[in-house]
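My structure is below; once you've seen it, I'll send some questions.
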Amino acid sequence: MSIASVLLLVGLAVLATMAMALARGLLGPTVYDRILAVNMFGTKTVLLIALLAARSGRSDYLDIALLYALINFIGVIAVLKYFEYGSLGHPHAEEGDEG
Amino acid sequence: MIAHNLVALPVVLPLLAAAVAVLLPPGRKPWLLATGIAWLVFAASLALALRALGGEVLSYPMGGWEPPWGIEYRLDAANALLMVLIGAVAAAVFPFAGPSVKRELGEEKSPLFYAALLLFLAGQLGIAVTGDAFNVFVFLEISSLASYTLVASGKDRKALTAAFSYLIIGTVGATFYLIGIGLLYALTGTLNMADLAARIPEVAETRAAHTAFAFIVVGLCMKIALFPLHLWLPNAYTYAPSAVTALLAASSTKVAVYLLIRFVYGIFGADFSYREMPLAWLLIPLAVVGLLSTSLVAIGQNKVKRMLAYSSVAQIGYMVLGIGMASSLGLAAALLHVFNHALMKGALFMALGALVYRVGTSRLHQWRGIGRRMPWTMAAFVAAGLSLIGVPLTVGFVSKWYLVLAAIELGFWPIVAVIVIGSLLAVIYIGRVIEVAWFEKGESDERCEAPLSLLIPTWVLVIANFWFGIDTRLTVGLAELAAQSLGGTP
Amino acid sequence: MVPGSFAMKHKVSLGLVLAALWLGLSGKLDPLFLLLGAVSVGFALWTALRMDIVDRESHPIHISGGLIRFWILLIRDIVIANTQVVREILRPRLAITPTVVEFESQQSSDLGKVILGNSITLTPGTVTLDIQGSRFRVHGLTREIAEEAASGVMDRRIPRDVEEGR
Amino acid sequence: MSGIEWLGVILLVLGALLGLVGGIGVLRFPDFFTRLHAAGVTDTLATGLFLSGLACLFGDWQATLKLALIFFFVLFTSPTASHALAKAALHGGLKPWKRREDPHG
Amino acid sequence: MDSLIDVVLFAFLIVVALAVARGRDLFAGAMLFGMFSLLSAGLFLIMDAADVAFTEAAVGAGVSTVLLVAALSLIGTEERARRRSNFLPLAIVVVTGASLIWGTFDLPPFGDPANPPNHHVVPRYLEKSGEEIGIPNVVASVLASYRGFDTFGEVVVIFAAGVGVMLLLGGRKRHRQRKERGL
Amino acid sequence: MNLLGHYNYIVVVVLMMLGFYTVIARDNLVKKLIGLGIFQVSVFMLYISIGYVSGGSVPILTEGVTLYSNPLPHVLILTAIVVGVATLALGLALVVRIREAFGTVEEDEIRLKEDAEG
Amino acid sequence: MSHHLILRVVAKFLIPLILVYGLYVHFHGEVSPGGGFQAGVLVASAFILHALIFGLNKTRPIARPGVLKAIAAGGVLLYGGTGVAGMLFGGEFLHYGVLAADPVKGQHLGIILIELGVLFTVASVMLLIFYAFAGRQKPEAQ
């Protein structure tokens, strides 16, 4: 068993997890389930990219994973904000720090 | 230094000026800047055209990297003709835009509006001179994005939907083009047009080359608005602000026609396009059907702007007819008609803009007696209309004459008949406007001529219609030179 | 929020953190890249100050001693909780009893609440649903897990010095 | 394979298996809130094991640092996103599923 | 290793694209589009296009999603069921796709180092850019120097989009006037 | 012709056509834009497939590596991705304005409203 | 969303890190994947995160639309200006080799300048576009 084949197997496991997340995203039923699925899909992709980086032995690929970990968060926040307030600009709620 | 970089300047200047325009305060300044730039571009393109007329081919390596490694700008007779055309139309339309746009849209957004106008101009010029197939895509998108914006800034809410369908069709067209270029790149490994032309014969037998050709042609035909793919055009022209319509009608589709010519003759070669691929069987029927049917539709319109828009689709039929004939003469006629149609449609839409400036609408029934109230403006409209019909001594006559000659040369008599019928249909729709404007009685006879700032640019273009109708040395010379260098016969 | 030297301390700490981040990412020590790094850190610091986001909340340098112990215990908790949840998932017939519990936390500072809330969420099996004042609402996968979360073990573990300056 | 590589492989496999289990949970559990817990499994321990396994295989300090950074970010953002999501769902009127009283709610 | 992961990723992509084509929820469409970009970023990475993957991840996951969500917050997310017949679009798509597949059959083999693109123009970039430009990332040197003019065009495209969006969405005054006239 | 060696191209074409179908078959304007995005991204995949060299490495000059993937398609696609986002942004801005002006983003309903206006 | 306690604290913590990371991606574009465009997106997304959590009204004074517009135009002008400088020094448009005595140094200088131009334009335009969408109010139901 070489490292390459281990990486392949592990990669397939990650892909299987992604498939399950995708299935949840398509099944729903609520919109929150979908967002959850997308978020999970995102973290798994980060792992997949990190795995690909390990395969090629290039640490600079990890930058992509890092970028994605950061950006994914912003996307989820934007979606949530939309669901809570219906608008991304949302002028009020400056006060009242605790919700 | 200027002489060395002259090829790049017409593209670089408006691009930089667009960035500057955004920074200017709302008001007249952005307009003045844009106009100045347009004149500079026109001057530069004339200087270039004179050099091209001498048979010179100028190659300019962007970034100092010689082709095929870098992006080449390449000026020969065909693009020189196109550059003069774009420069001339811009030089006339930009001054016209000032008062017209101020009336139609207000001044608060003028920095952004003129930035978009300059970007559009730069995009068109970039497509015209670039010698790199991918660079074409980039500039196609610059000018397209700018033109979607410009169309959408029209007053009527339908301008928005018109711009949206333009965006969808335009992007699909550009993506088809991109697919074609990708396949060509996979086959030849180059993006430089001259290099492509040299390497395509080796792979001409492959199916991938045929597919690439098909995708490029179909993609460009969407941009050209060739008959069944023309549905975006009438609305876009009708609801855009007048100055924008004049500019779009005069240059946008023309640049796409030029690209089609460049690919069909210059890159794939007439031999491949007409022997290997049945291009003539595609183009000529579509052109004929499109020409006749849209001319008929134009007659039925009650808005003059929409009528002219349909007439534009019909006129595209003439150009495509010229391309489809696959002869040097036909190609020269097509190039000539590209130039001449830009002059006449530019003049027509500007005259129309001047009329709308006072009347407020282009609905025909509200134009009763307008000829007596705005004689000079209406006279410009009629003069340009005569050119559209193809009356001798106008540019319209020159290009149709060459088209007829090309058809006769090949013995395509039915096509001669189609050209004549098309002209007769143009007589009908232009005649309707003349009838309403001069021979029907309006509510008042008070004189209300359009302001000189609109009239002068309009008349400049109208006079150009006659000038190039009489003195055809520059245009015919360039067109024939281009047709020769592109190699018209299969 | 906190004037004077206290705020300065946070600026310096943020600057150090950012510089460390740059060096770690870049791994290059030649002058050009160090200069670029200084520029980048300067820009980020300047923007952060303009955004007014440099304070004790975002840079809790005042918590020191208990933090390591807290982390170790948290990691242990996470591992244990994971095995619990995995067992629930893999049970042939689902036996979960989802429960929502509410409890009062002793944390008075926002930072303390955030640490508690995120720690609860980080441990699988429990998710912080809402924080109202000092009242936490937590969703647990089973009743036992939820009740354990409400018992306040985690709450008491958070270092006291989070509260400093309040 | 050297010792550290063995360690890396074991960690990786463990992480991937844990992730799979989380995925099964996300599919199996009856409602959104319970699925959140299953997703939490894949976010915390699975990610941690996986990334540390990769760090062992890389054996390069810069890669290790970047992997640690990724883990650190995931550790910060994932519970935050989960919490925000749960809060939004509650706010949006989603009722947690309960055994016995209403098995399909 | 590559080809297996490749196949699975492609399968995901097809599922996602089908879901977009068939689904009715615009919001789900936006999220699926984000996933699509992300998966394609993974594929780009497998095919050694790290810079492209980077950009696609940044754009697809970040910009596009945020923009789509922002726009949907102004538009609403429900999509009405379709009434027209699907026949014509389907026919167009099948014809286009079939011709494209027909055309790609005799493209040079996938991944073969002997393919023409690898022997014309590009060798110069790979062999000389080190000494001519002096930076190791060949994509960056081609992007910024050899084909710097394309990149200038790219910047201008972004700028043009900014100008367009500001012209269309900036300022509320004109919008109200239009609505009164329009309706 | 070699089906296995070309499955990459075939799948990419299928993806393109799914996107293209969404553009031309759906009435919802936002859906059209999403379809357009998928269409474009699939074309990008075609380009990257063309540039792939099996056994090659990412085109960042590294000592000891001689076989690199073709960097030129990467450069082209970087530009094209940017063009894609720009188009998406502008298209969405247009859709927002259309929604404000017509109260709907379904193409056929808009057309009905337009025709009613004449 | 600023009453989201946890989000607020985490965002405060993350924003500076995203900024530094974005600039790292920018400046290391020559040796590893990345460059002006990706960095521009990252920098813009740091501000977008701020706007999402603290509200657009808090972000606008920090990155004012007027200033952003100037930066966007400035980026294009910086790129174009570098090109024009190539012309002025006797080369072609965007010929960086002539910018310094040693062509390789010139190339380096030119690339740094144009990448900065890309960064400026992309970051500011992305943010401006976000402002344009998020700052608009939803039309009343019709």
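All chains are identified by letter, namely A, B, C, D, E, F and G, in their written order; residue positions are counted from 1 within each chain.
Heads up, the rule we're going with is that contacts are C-beta pairs under 8 Å (C-beta built on N, C-alpha and C of every residue); 3 or more make two chains touch, one makes a residue touch a chain.
What you are looking at is a predicted structure, and each value in this text was computed from that prediction instead of being measured.
Asker: Counting one step for each move to a touching chain, how far apart are chain B and chain E?
Answerer: Step count on the best path from chain B to chain E: 1.
Asker: In the chain contact graph, what is the shortest path length, in steps, from chain E to chain G?
Answerer: Contact-graph shortest path, chain E to chain G, evaluates to 1.
Asker: Taking each chain's centre as the mean of its Cα atoms, which chain lies farthest from chain D?
Answerer: So the chain farthest away from chain D turns out to be B.
Asker: Using mean CA coordinates as chain centres, what's the chain A-chain C distance in Å?
Answerer: The computed centroid separation for chain A versus chain C comes out at 20 Å.
Asker: If you average the CA atoms of chain B and of chain G, how many Å lie between those two points?
Answerer: One centre to the other, that is 35 Å.
Asker: Counting only Cα atoms for the centres, state how far chain A is from chain G in Å.
Answerer: 24
Asker: How far is the middle of chain B from the middle of chain C, if each middle is the mean of its Cα atoms, in Å?
Answerer: About 62 Å, centre to centre.
Asker: I need the residues of chain C touching at least two other chains; which ones are they?
Answerer: If we look for residues of chain C contacting two or more partner chains, we find 21, 25, 110, 117-118, 128, 130-131.
Asker: Among the residues of chain D, which ones contact at least 2 other chains?
Answerer: Chain D, residues with two or more chain partners: 22, 24, 36, 62, 66, 69, 73, 76-78, 80, 82-84, 87.
Asker: So which stretches of chain G touch two or more other chains?
Answerer: 4-8, 10, 13-14, 21, 25, 28, 31-34, 37-38, 41-42, 45, 48, 54, 58, 69, 72-73, 76, 80, 83, 93-94, 96, 129-130, 132-134, 136-139 - these are the residues of chain G that touch more than one other chain.
Asker: Can you name the residues of chain F that touch chain G in the complex?
Answerer: Those residues of chain F that touch chain G are 58, 60, 78, 82, 89, 92-93, 96, 99-100, 103.
Asker: Contact residues on chain G for chain B in the complex?
Answerer: Touch list, chain G to chain B: 69-70, 72-74, 76-77, 80-81, 83-84, 86-88, 90-98.
Asker: Residues of chain E touching chain A in their complex?
Answerer: The contact residues of chain E facing chain A are 1, 4-5, 8-9, 12, 15-16, 19, 27-28, 31-32, 34-35, 38-39, 41-42, 45-46, 50, 53-54, 57-58, 61-62, 65-66, 69-70, 72-74.
Asker: Going by the contact rule set out above, which residues of chain B touch chain G in the complex?
Answerer: Chain B residues touching chain G: 1, 4-5, 8, 12, 15-16, 18-20, 22-23, 60-64.
Asker: Which chain B residues qualify as touching chain F in the complex?
Answerer: Spelled out, the residues of chain B in touch with chain F are 134, 137-138, 141, 145, 148-149, 152, 157-158, 160-161, 163-164, 167-168, 171-172, 175, 178-179, 182, 185-186, 191.
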